[in-house]
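What follows is chain A paired twice: with chain B in the first complex and chain C in the second.
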Partner chain A sequence: MQVLQTSREAATQKAAISVQGLTREYVTRNFFGGVSRTTMALSGIDFQVGYGELFGLIGPNGAGKTTTIKILTTLLTPTGGDAKILGLDVRKDLYEIRRRIGIVFGGERGLYNRVSAFDNLRYFSDLYGVDPAVARKRIPELLSVVGLTDRAQEKVEKYSRGMKQRLHIAKALVHDPELIFLDEPTIGLDPGGARDIRNMVRELKAQGKTILLTTHYMFEAEELCQRIAVISKGKIVALDTPSELKNMVRDISVIELRTYGATMEYVEALRRLPNVVRVVADLDSEQQSIRVQTPLGADLLPMVAAALPAGAKMIDRTIKEPTLEDAYLRLVEE
Partner chain B sequence: MKSTEGRGLSADSRLLMAWRVFRGAFFFGRKGLIIWDSWDMWVMQIVITPIAQIGFFAFLSIYLKYPTSVTQFIVIGNALQSMSFSAVFAVANITSQDKWQGTLPSTMVTPANRVALFVGRAWFQVLLSALIAAAGLLYAGGIFGVSFAEANFVGIAVVVLLTSAAMISFGLLISAVGLYMRTALIVANIFLFVTLLLSGVNFPVSELPGWLQPVAWVIPLTYGTEAVRMAISGASLQSLLPVLGWEALDGLLVLVVGFALFSGFESLSRKTGRFEEY
Partner chain C sequence: MASMGSLTPGRQVEGRVNKIIQVLKASVFLTSRLFFADPQWLIPNIIAPFIFTMVAFFLFQGQTSGSAFLLYLVLGSGLMGMWGTTIYASANSIGFDRWNGTMESTLAAPVPLSWIALGRVLFNTLQGVLNAVFILVIGLVWFRVGFGLVNPPAFFLASVVTFISLSSFGLLMTTLLLLSRKGGFITNSMEIPVYIATGTMFPVILLPVVYLPFAFMLAPTWGIEAIRLAALPGYVGLPTTYWEDMVVMVLETFAYLGLAFFLFKRVEAYAKRMGTLEEY
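Up next is the complex of A and B:
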């Protein structure tokens, strides 16, 4: 027992992030102070992130990703379990942890919109106690890295969403942190803006930074992360490399359809077909995109075509290997 | 659980870090992020706020046919009280404004010393509040006939600056409430009217019910209104010192209570996850 504990402690010390049995419960009280509702946001999660690793945390809305990040960045106290950041306790060592981590919050909020990018960075470098001589050199460098040099003196309220997100990244780096938390950094960005952010993340990884990334985009997690934890309903349901996660759905193939005029009735008809594991559809565009997971592969194609209602048209159909998204859907729906 | 804040840094380093935070926060506060974002808005506030407030109460007094001495008593009180909007309301709004902009989480995850940070952010309001009170006193002399013939101008300047700084303590105390509640503005609004009622602005504190009088002396402005009337009547700095001493002590005590509250609400907000509620 003691040996087990010692080896666990040794592993914790080697990890940049170590989370053991982390629990967070939200209690809603009524007017009289009595408990009206209890919500378990995290139910005893465990994971470790090595130094220099780019680790992904993926899951549906409300799964517990942001709660986890808030606890690890000292914004929220856990109600149970332990979490250590760079060997420091998130309950006790607030000051030291805050000095050594950087956080990128997704979305447009979180910047002082009425002042310039330069002033935002200068203010946060002061809050982190960065030596003014260092800040004078670092801020222009960061502005250059995130491509905002030419507009550094403009008020942030005039920036596009992508520019704001790049500024968020510069802000998180102003004190040169060892560990960076990226909470959905590409949310709401156009493809070009999202690609820029992903390139910056790769660059940070190349510099040896430890990164914890949460995202809704599976291809992004697959492209960037060395290991991924899938979180659902406050529990980690899988933790592995992207390729190993994909191996979990090797037993199925994916039929990818592009249709014209397909409706929800067609999707429901596909779901009723034998050996169909899951159907995911995007019906919002003029051309619909439908993914059918099945162990039958091409053998299902005649039934898929036959179910197409009159007036609808099949533009394209392809048999594909399952992706991380397919694995993810299976994991979070199980 | 006790936080090991500042562990691993020497006292000198912590002091240097706090100084950097204060300086940065002061210059950032100067940018007028609290509510106003441009000089023209500030000028409007300095010029219009005191004249509107003094005018309201002065004309009410004239309409009620009070003696000139009473009207002048009211004018001087309101000239000083007009600073409260800036000293209390704007400072109280710091945390609420950060919540609305979504900058509070980014701020609270920095290691910045909270006293240095929020006093720094508020400090520019000391100057702004003092300017508003100075404009109010100019109107008192120029428009409402208050005589400054025997005034101790150095004394007036000291009173105005000290009252401004002391009232900021109340702004910071209310700002601490905003850390936990969705907004501190309602509390700030209530407090502004409480100062009108209790601080000897429109009538002497001695006219209040006995049980309310000790409450009046908790507000630094109460000392300020007494001291500014004394200074306008020509009281020397030496004779002003006891009142100013109590005012400074009061302001300091409110500041200490404010930061105890701030620390408590910060901890509570971490427990309940309320940094982002607005």
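Up next is the complex of A and C:
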């Protein structure tokens, strides 16, 4: 028991992020102060992130990703368990942790829109205690890295979503942190903007920064992360490399369909077919995209075609290897 | 980079003071940039004080007993403007972060939130001072109020300390906003009672006795008394001297600051426990 504890402590010291039995409960109180509802956002999660690692945290909305990030960045107090950042306790060493981490919030949050990018960076560099002489050199460098030099004096409210997100990254780097939290950094960006951000993340990784990334985009997690934790209903349901996670669904193949005129009834009909594990459909566009997970592979194709209602058209059908998204869907739906 | 632990105590204090100054400067600078970026600043700072002063002058026109009374009126209007701006802007400085989505970024900084809030409150109070100066200028130029102060240095000193006391009171009010978005309701509802209780428009001694303890707990009450004693010849207000007013104001200001910094710590910890910091 002693040996086990010692080895656990040693592992904790080696980890940039160490989370053990982390719990967070939200209590909603009624008008009279009594407890009306208790929600368990995190139910004792454990994981560790090594120095220089790019670690992904994925899960559906409300799974506990944001709560985890908030606790690790000292913005929220855990109700149970332990979390250490760079060997420091999230409950006790708030300011030391904050000095050494950077946070990139996704979406529109976190920037002062009525002032310029330069003013935003100068303000945050002062809050982080960056020596003004260092800041004078570093801010133009960062603006150049994120491609905002020409627009540095413009108000942020005039920026596109992608420009704001690049500024977010510059803001998170203004104090040269060792560890960076990226909370859905590409959310709402067009493909070009998202690619720019992913390239910046790769660059940061190459510089030796430790990164914790949360994302809704599975291909992004697969492309960037060395290891991924899948979180669902406040619990970590899997933690492994992207390829090992994909191996969890090696027993199935995916039939990818592109249809015209398919409706929800067709999707339901596919779900009722024998040996269909899961059907994921995007019916919002003119052409519908439907993914059918099945262990039968091509043998299911005749039944898939037969189920298509009159008036609907099959534009394309392909058999594919399961992706991280297929593994993810299995994990979060189990 | 040398850690604070390896420095001598003297250097540690110096480093901490420099850091506080850096944060205060940054906070004042950003608040001013945000303030001037919105053209609406003209309404509370130029248009409203102008209307305020005009109404006060026309109300008392013909009932004045000389220039001293007009100066009394101008000082009162100016202080009302200062207080109004302080309470409104201070209460909203943290509310603005909630609304703007910058609360998390602000809280994630490695400095106590009270330092950042203090910078904002200082700028907001300074804005109130400009408001008061504007009212004074209207009085001097438009209504030709004589500005013959009884004791100009004492007037200046009382004005500066009143400015600090208003800032400290604004900081105390800001803690309410940290607790909940509903804090704005409380701070906004304090505007008029404080006008009355601090004696901006009429001597506090005219208030019913039951209100006096509340009036005496407000540092601006003593500030206004000290300012009037230093400005107006033959002013009769509370049965206190200029220096007694100043001492009480300074003591109450320290009490506000101590309470504000204590509450900031407690409220921030409480809000983090409850998860209400970013709620709008």
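Here, the second predicted complex is superposed on the first by the 334 of 334 C-alpha atoms of A that agree within 3 Å, B and C clash if a C-alpha of one lies under 4 Å from a C-alpha of the other, contacts with A are read in each partner's own complex, and residues count from 1 in each chain.
FYI, contacts are C-beta pairs under 8 Å (C-beta built on N, C-alpha and C of every residue); 3 or more make two chains touch, one makes a residue touch a chain.
Please read all numbers here as calculations on a predicted model, not as lab measurements.
After superposition onto chain A, the modelled positions of chain B and chain C overlap sterically. Residue contacts after overlaying the shared chain place A:Tyr128 against chain B and chain C alike. Looking at the shared chain after the overlay, A:Asp93 reaches chain B, while chain C stays out of its contact range. In the three-chain superposition model, chain A touches both chain B and chain C at residues 26, 70, 73-77, 94-96, 98-99, 103, 105, 109-115, 119, 122-124, 126-129, 132, 171.
Residues 1-8, 16-17, 20-21, 23-25, 28, 31-33, 37, 101-103, 105-112, 117, 270-271, 273, 275 of chain B are the ones touching chain A in the complex. The part of chain C that touches chain A in the complex is made up of residues 19, 22-23, 25-26, 29-30, 33-34, 37-38, 100-102, 104-111, 116, 269, 272-275, 277. Here chain A touches chain B in the complex through residues 26, 67, 70, 73-77, 91-96, 98-99, 101, 103, 105, 107, 109-115, 119, 122-130, 132, 171, going by the rule given at the top.
Chain contact summary for the complex, chain A toward chain C: residues 26-27, 70, 73-77, 94-99, 103, 105, 108-115, 119, 122-124, 126-129, 132, 155, 171.
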